[in-house]
């Protein structure tokens, strides 16, 4: 972390907040309420954290005006409308920045590649024919940038990333370590009991401000391109198959997998390990809860789920056996039958009483 | 892509199809019906695509004889029995080929390794003691080929692949970027509250024409070998644990995971994210649908599934609560009870009527 | 494998077992009962393997005293209380050891890094500012050890591992190929329809004797650290999100995923592909069965499950439809209704009989 300190006033100004208390208080970093020391700034985002805030050793707190009134034992605040957003902004102040530019001596760069003077290329990177690397882009050690790949400005390509299949990246794209973009799509034609490989001729197009985690696989298209639109964010170990299209600002948590040729709308949120079958369409603003299996198109915004709730294993086993039996239990018919019998019984009862 | 053009006649000949229309039409590539331009060849595989074919700007179409009759507005065709297979074959014509041979100056190759003169070894590859690399095999940059690994002919080992555990690969094996073959199996003996590592002494044997995607982990066996037979194809992010055996021509989509010592038959198809427990046997010709959990052996060919269908989340929550309750609902007994009551009621009714 | 042979007596002594039969029998390695040859030692762990043991060609067997009595056709044994543990110990005798020390000429090591003289640094490794590598630690080729990372003694960091985010590793830590430790956590603040990245300022702390498989992602914390305590063992393709804490000696099989800020107790066992949501607590000694979705805290030790059992697909489809219907079937109310009707019917029957 940077050894540099910042005054409370300066930090308040950076998030356009109100500085309350000791304006020249020097702060060395951000911390959680629980682990903060007096040289740290922490944030309070909801009433349920007020107790923690009171007990925190943080030197100052980012709060809303309403929360400030309820925290009695503290004097130093940055008051903002959205403390979490202010915190998000200030993390960048304390983040260690990459400042090197230039090409490490051990990098192998094809003569036909165009590398911006303000870019950084790490040790043992290999950059192929006709590649383009934009201004202020950082390519960490051991990256493989294969022939024909183009990378925009201010991107971060972390160590051991492989960019291949002539993929094209926009600006401010961040790809974390050991991810593969542009690998061969899984396309095989079955014929006479064997699988015949379909060479993948499409590519991958990635918009601006896209973020891809570590150990992801984003395959090139078969004929057309696989597409991640602007602002898409993907966590680690995500699989995006050939010819998938992911709409702008859609977020996927770790271990999601999207099968081939599926189109996903804008502003969707997929929780962890969601699986989506191929060749379907998901509308904009769809939320899918964790580990759900999406087996058909979703045309309406909303929240979708599948799976069963976690149970103690013995309880689960009994329920699971009954799930199997369900196949032979005509539930709706059963309900009707029950209602019908109810009427029969009531009719019998009343007639009976009448005749007494 | 290759800048080279091919005549319609030549392409038809390559797939043993009939050339219809302008025989010398020059085609620059394959494309989807939707994105094709006049210099492109597209394929039509089913009647449902006839409208798209009519509207396509493709210069020529790969079709069956029956489909050709129904596409009125086009003149140039390659007529074959299986358009998808013909397309698969032609993708290879337009694929950019790797043509370099030899060893890049930066590769580190142990003196005892045997590398074919027609092989290619990329930058920063590291090849250990007693390794063997066959004719026309391409090993891309940064690969780690550990001691004792043997690779057959015409293989592609993409960037950052790690081959270790003395694994042996057949011919025409393709392994995509950042995959690890021969890593240590997850074997630990629990004793006195701690895990004691079992050194893994087996290896991995991979047959001919096997394809492994990116970011896969194929572990070496504990004592015996982990085995992928000829023609097995695996998508990305697949886990194959120690001592698994996968039968010939079995296909697994992305994110499948097979636990230790399980044997899978030939010609199986596992959709995405299927999980299979350890120490079981799966017969030949078994299909498992996406995200299924296979918890016991399968002795009959057929299709198998688990999970619950995707629902709107509020609907799902109600169903999920009921799943939990199912544990205490004796469904089959309930059905019998209902039937029995039905008889009782009917008996009451009829007796009642008789006595009126 | 080592070409060295060991006498039965010597091997027995290494596991503090009783040597029975030909004490000077020379053994070249361990093998499974099925594949053992006369120069191999195999182990028998349960009565169900006695037949295999009788048929095995193994030169000697590791057994309990009780099992030895039942195996009539063999003469050479190592008799121990726990044959599996003895086998685990002996795998290390036959494992090929890494013996090289020193720094390969192609490694790039920052002048400020402190590397033990007894450590080994492989080809093309890149080690940044102020890193520390302890005694007898092996760092294989192509590793990226980023600025400020500290690694203890006798660790194994396999090829293409990326250690970043200033992570700190204890002693005897083993990390397998292509894993990323300390990558950026998936933290974004949503604001005005876009995702604003939260720079991750925490780190990862890994205790002693931790084992991490290949292709794993262990993210650095947002403010506080992500923690793996002593003795944790993780299989391949595991995701540990930012600020997760995993208690000592907990084991996770391949493809598990733990979302952010979740705390997992000691001595837990998660089977393959278990998913755990963020911000919950799991008690010590919790077992979770394969592919389960853990959506809330678990406060009691025990075994937990979710999902549905595998069924033949047509059977499954019927059950799945009924699962959907369950949402509108008030099961417990239905049971009560049925019981109530039963009483009504019985009451009718008896009154009826009385009045006959």
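Each chain gets a letter, A, B and C, in the order it is written, and its residues are counted from 1.
By definition in this document, a contact is a pair of C-beta atoms (placed from the backbone, for glycine too) under 8 Å apart; a residue touches a chain by one contact, two chains touch by 3 or more.
Bear in mind that the values here come from a model prediction, so they are computed numbers and not experimental data.
A rotation of 120 degrees, rounded to the nearest 5, superposes the Cα atoms of subunit A on subunit B.
At the interface between subunit B and subunit C, under half of the residue numbers involved are used by both copies, so each side presents largely different positions.
Mean C-alpha position of subunit B lies 25 Å from that of subunit C. Of all residues in subunit B, those that touch two or more other chains are 124, 142, 160, 178, 215, 237, 255, 273, 307-309, 311, 316, 323, 326, 328-329, 334, 338, 341, 345, 348, 352.
Contact residues on subunit B toward subunit C in their complex (touch as defined above): 108, 124, 126, 142, 144, 146-147, 160, 162, 164, 178-180, 183-184, 186-189, 191, 193-201, 215-217, 219, 222-224, 237, 239, 241, 255, 257, 259, 273, 275, 277, 287-289, 292-296, 302-309, 311, 315-316, 318-319, 322-323, 325-326, 328-329, 334, 337-338, 341, 344-345, 348, 351-352.
Taken together, the subunit A residues at the contact with subunit C in this complex read 1, 29-32, 34-35, 82, 84-85, 87-89, 91-92, 94-96, 104, 106, 122-124, 140-142, 158-160, 174, 176-178, 209, 211, 213-215, 231, 233, 235-237, 249, 251, 253-255, 267, 271-273, 290-291, 307-314, 316-317, 320-321, 323-324, 326-329, 331-332, 334-335, 338, 341-342, 345, 348-349, 352.
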